[in-house]
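You will see two complexes here that share chain A, one where it goes with chain B and one where it goes with chain C.
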Partner chain A sequence: MNPGKNIYIVAALIACSVSSQAFAQASACISLKSSAQVEEETTDAAGKKSVKLVQADKVVPGTVVIWTVTATNVCQKPSDQVTINNPVPTHMTYVADSATGPGSQITYSLDGKAFAPAAQLTVTENGAQRGATAADYKAIRWTFANSLQPGATVNASFRAVLN
Partner chain B sequence: MRSRSSLFGAAALLVGVAAGPAHAIGVPAGTAINNTAEVSYNVGTVTSSVSSNTVSVTVAEILDVVVTVQTPTVSVSPGAVAQLLRYRVTNTGNGPETFHLVMNNAIAGDQFDPVAASPAIYLDSNNNGTFDASDAPYTAGTNDPVLNADEFVTVFVRNDIPLAVVDTDTGRSSLNAESRTGTGVAGTTFAGQGAGGTDAVVGLTTASSTETGTYRVEAISIVANKTQVVADRWGGTRPVPGATINYTIVVNATGTGTATAALFTDNIPANTTFVPGSLRLNTAVLTDGADADAGAYEAAPTARVRVALGDISQAGGSQTIQFAVTIN
Partner chain C sequence: MQSFHRQLKRVGLACVAVGSICSSQMALAAGTDSGVQINNTATVNYSVSGVAQAAIGSSPTGNTAGAGSPTQFVVDNKVNLTLTRVGLAQTPVASGQTNQTVVYRLENIGNATQGYTFTTANLTGDDFDMTNFRVRVSADTSCALNSTTPPAAGYASATDTADFVQSLLEDTCRWVYIVADTPAGLANGDLSNVTLTAITVVAGAANAGAAVAVTQTAGADTAGTVDVVFADAGRDARETAQGTYVVSTAALSVQKTSSVFSDPFNNTTNPKAIPGAVMEYAIALTNTGGANASVVSITDAVPANTTFLAGQYNGNASDVSITVGAGAPTFCVAEAGGADTNADGCFRTSANGTLTVGAPAVASVATGGAATRVTVRFRVTIL
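So, the complex of A and B:
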């Protein structure tokens, strides 16, 4: 009917969403980004195999997904006691010893609330206590010892297999 | 091409995760796997926390099927018709799928090819595991079974057994089930063709599975071996009038199973006369009359001896019948 008017409305919506995002960032000193990737194996013409990470979109059961969390300090001041929490996604099982996070201490939780180093976690099963295994973990926590300086970034990542 | 190889690598990992290829696989196709991380931090004395974006990954459909034969070996007789093999077709993928069924009787390594009855393939429509009148014949493309994840259907395959087969012969018949979406090496992807519009990805079973059943012929053959000894009146062996011919017949059963109500008869040769009281079974005397014992001599309509041997098997050993005639 009136193309000019339609364009105006779309432009207004974009402006709106941008401003709200800007507002959210202004209130938080850390920008946290989560991503999911899978390993893709390719074979070149010479038959040499190489593995690279690509964004996960659709995956089949049994696939290992690499979840990566990136925290960036977007403020002018350093952030202290930076602690990243990530639940093991539903329908997924944590892959043992796969959590990494340079400069952090990694702890695990069986209930999503209490965190402890892997060796200290136990599960009571049929009245007997046993050490917790990777499959029991419900959440992972990375506690960074050093302050996160303005503009600096830390990464935390883990692998989980789709049930 | 790239995504295919990556998914193959992913599927290969299943070996370590699932209990084996026959084990159905978990999360239903189309399920969204979401992840949101959270960070807490201090700036000065102020503690804050913020959540990440939510990453969503969709579970693709995995195409897997397993056929198992419930009746690995079926005993049959030569010429038997509509002999059943029972199979189970299980959708071991994670989404609903339609399956094509194909049977094959031309399989190497056996002694005969079973002949498909018409119709040959039936679906266990009433799910009672038994072939009965209410089960529907299968027509490819018309009533292909549709199975949810982990669901199975029982399939009956009916074959006739040729007459010209002998004991211990085997004939093999197989049933193949294929995912209708497609088959291929593990990791083959059918974009957008999975449940709920997700991708469908071939699993470790190649989305095709074949199992073979065996018909084994159980037949018993009976051979009677007859020998004669002539005794003339002068202590010699000349077959002259008045001489006696002593017949010995050894009956042997070879093969599998039991021949029931076996009856031996032997006509008295022309120009000879049965010697009364000469009939024996395993050296025991049998009276000539049709009475309680197993043997009799019948003068009419044709002069003959008869011995009811009952049930005989290879394990039972040989049976020896004796009688004598005189040359007229």
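So, the complex of A and C:
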């Protein structure tokens, strides 16, 4: 037996119990918020048109909904390897090239499990392979390269149309 | 069985092609049902100081632990309809005819069940106005979206009695008739333009009078409730489509001509109308109207001082020749006994009596002028 190795294992166990304790106390490091909005065009007194985002209440088939996920670091330590996953909601279809997330790499999934850049996704159809289209995407993943500092916020958003 | 499986497979593959749109279309072509709740939850994975943390689900206000709660909204009521005239572009009518119809197809292409009421109007700037307007919804519910083939049986007053649509599911349609009467004394070709307007009402009304028009939710709407959005052309939850009635009657003219066929001295070369000469009478019926004329009978008394000549046509086998337009002649035998014993349509009241020609020898005079002119010929001898 190598005494040094033993100590290492104990240390790891302690670290693990600390983190699970923290979770039990509901004081995780990230607050995650999701919102659904639609664009509303308004015309001001001067006749100038402007588009603003309003809460998605009036939604009928064909309406494009903008889903925005906001992650805020609410603890004292930076959060690393921040990855946000968002399934394309049931009854909705992802709008091509609509996912944005400053500072993140965006990948997509056709089954909600395996994620890959858009160009690498293929669908097998009638025995032939073709590139996946926006309508095939079932989930979107934003992988942030930089740590999320205490108090900082990152946004991830995408558009989906109601079927 | 095997081919059935293959078909199923093909359907499945076709669905992959259009992705998630397909799955919803299989349920509903007009889109997600009104009232359906759309949920969405994002999750975040991260680590702190090199230690992976438990995933956190999102909530509408911001969640810091556990699965979170979905951000949601309710699909609103998209009111959309189409009204299309189908069948003949112009309904042919005759003066004085009642219960003449123009057929329309009403489609609910929104995402909720709706009811409909109707109004009709006579347009100005045409030749006449139809009267006694009624709207009747066909009891035949076999209507398919985009179909341009209304029920072959047409309007049936006994069964097609509803004057409104109580409830019509999304992605379904109904045949609707304008039923109207034609005034008397109209000229061939006169036009009457009419319109039918379908108005979306709240489904389930007991009768047209009790129907309540669907109103659009004004301004910003309330979360969690189903609001109404008009998505039809004009965004007024109503559609109007025109129809046309055209007066189409037979316009028959009758012309009788005579010519000398032969005389006993010149025979058929430049014959003269002398006693003993054979005369040929031609009765021409021309229809320049818009509808075919049914012929009841053509009667012609053999003129005084002449005698009917039997066996002049068809190798001396027939008494009367009938041609239609430039076609080859047909023939009939005009029995002299006052009865059409061989049922070919021709007879004489007596040997030298009145000639009658009717169906089947001449059953109708089709519209088309000279091209369809019916000419009946017979011969007599000058006494």
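The rule is simple: the second predicted complex is superposed on the first by the 136 of 163 C-alpha atoms of A that agree within 3 Å, B and C clash if a C-alpha of one lies under 4 Å from a C-alpha of the other, contacts with A are read in each partner's own complex, and residues count from 1 in each chain.
Operating definition for what follows: a residue touches a chain if its C-beta (ideal position, glycine included) is under 8 Å from a C-beta of that chain, and two chains touch if they have at least 3 such contacts.
Remember, predicted model here, so these are calculated numbers, not experimental data.
When both complexes are overlaid on chain A, chain B and chain C end up clashing with each other. With both structures placed on the common chain, the touch criterion links A:Ile30 to chain B and to chain C.
Once the two complexes are laid over each other on the shared chain, residue contacts for A:Glu125 go to chain C alone; chain B is not touched.
With both structures placed on the common chain, the touch criterion links A:Glu41 to chain B but leaves chain C unconnected.
In the overlay built on the shared chain, the residue A:Val64 is in contact with chain B alone; chain C does not reach it. Of the two partner chains, chain C is the only one that A:Thr133 touches; chain B does not reach it. Residue by residue along chain A, chain B and chain C are tallied for touches, and C comes out ahead. With both structures placed on the common chain, the touch criterion links A:Asp80 to chain B and to chain C. In the superposition on chain A, contact is made by A:Leu162 with both chain B and chain C.
The residues of chain A shared by its contacts with chain B and with chain C are 28-36, 54, 56-62, 65, 67, 69, 71, 75, 77-87, 89-92, 148, 156, 162-163.
Contacts from chain B toward chain A in the complex involve residues 2-3, 5-11, 13-14, 17-18, 25-27, 31, 33-44, 47-48, 50-55, 57-62, 94, 198-199, 201, 203.
Residue ranges of chain C in contact with chain A, taken from their complex: 13, 16-21, 24-25, 30-32, 34, 36, 38-54, 56-66, 68, 70-78, 111, 217, 220-223, 227, 229, 231. Only residues 28-36, 38-43, 54, 56-65, 67, 69, 71, 75, 77-87, 89-92, 148, 156, 161-163 of chain A touch chain B when the two sit together in their complex. Within the complex formed with chain C, the residues of chain A that make contact are 15-16, 19-20, 23, 26-36, 54-62, 65, 67, 69-72, 74-75, 77-93, 123, 125-126, 133-138, 148, 156, 162-163.
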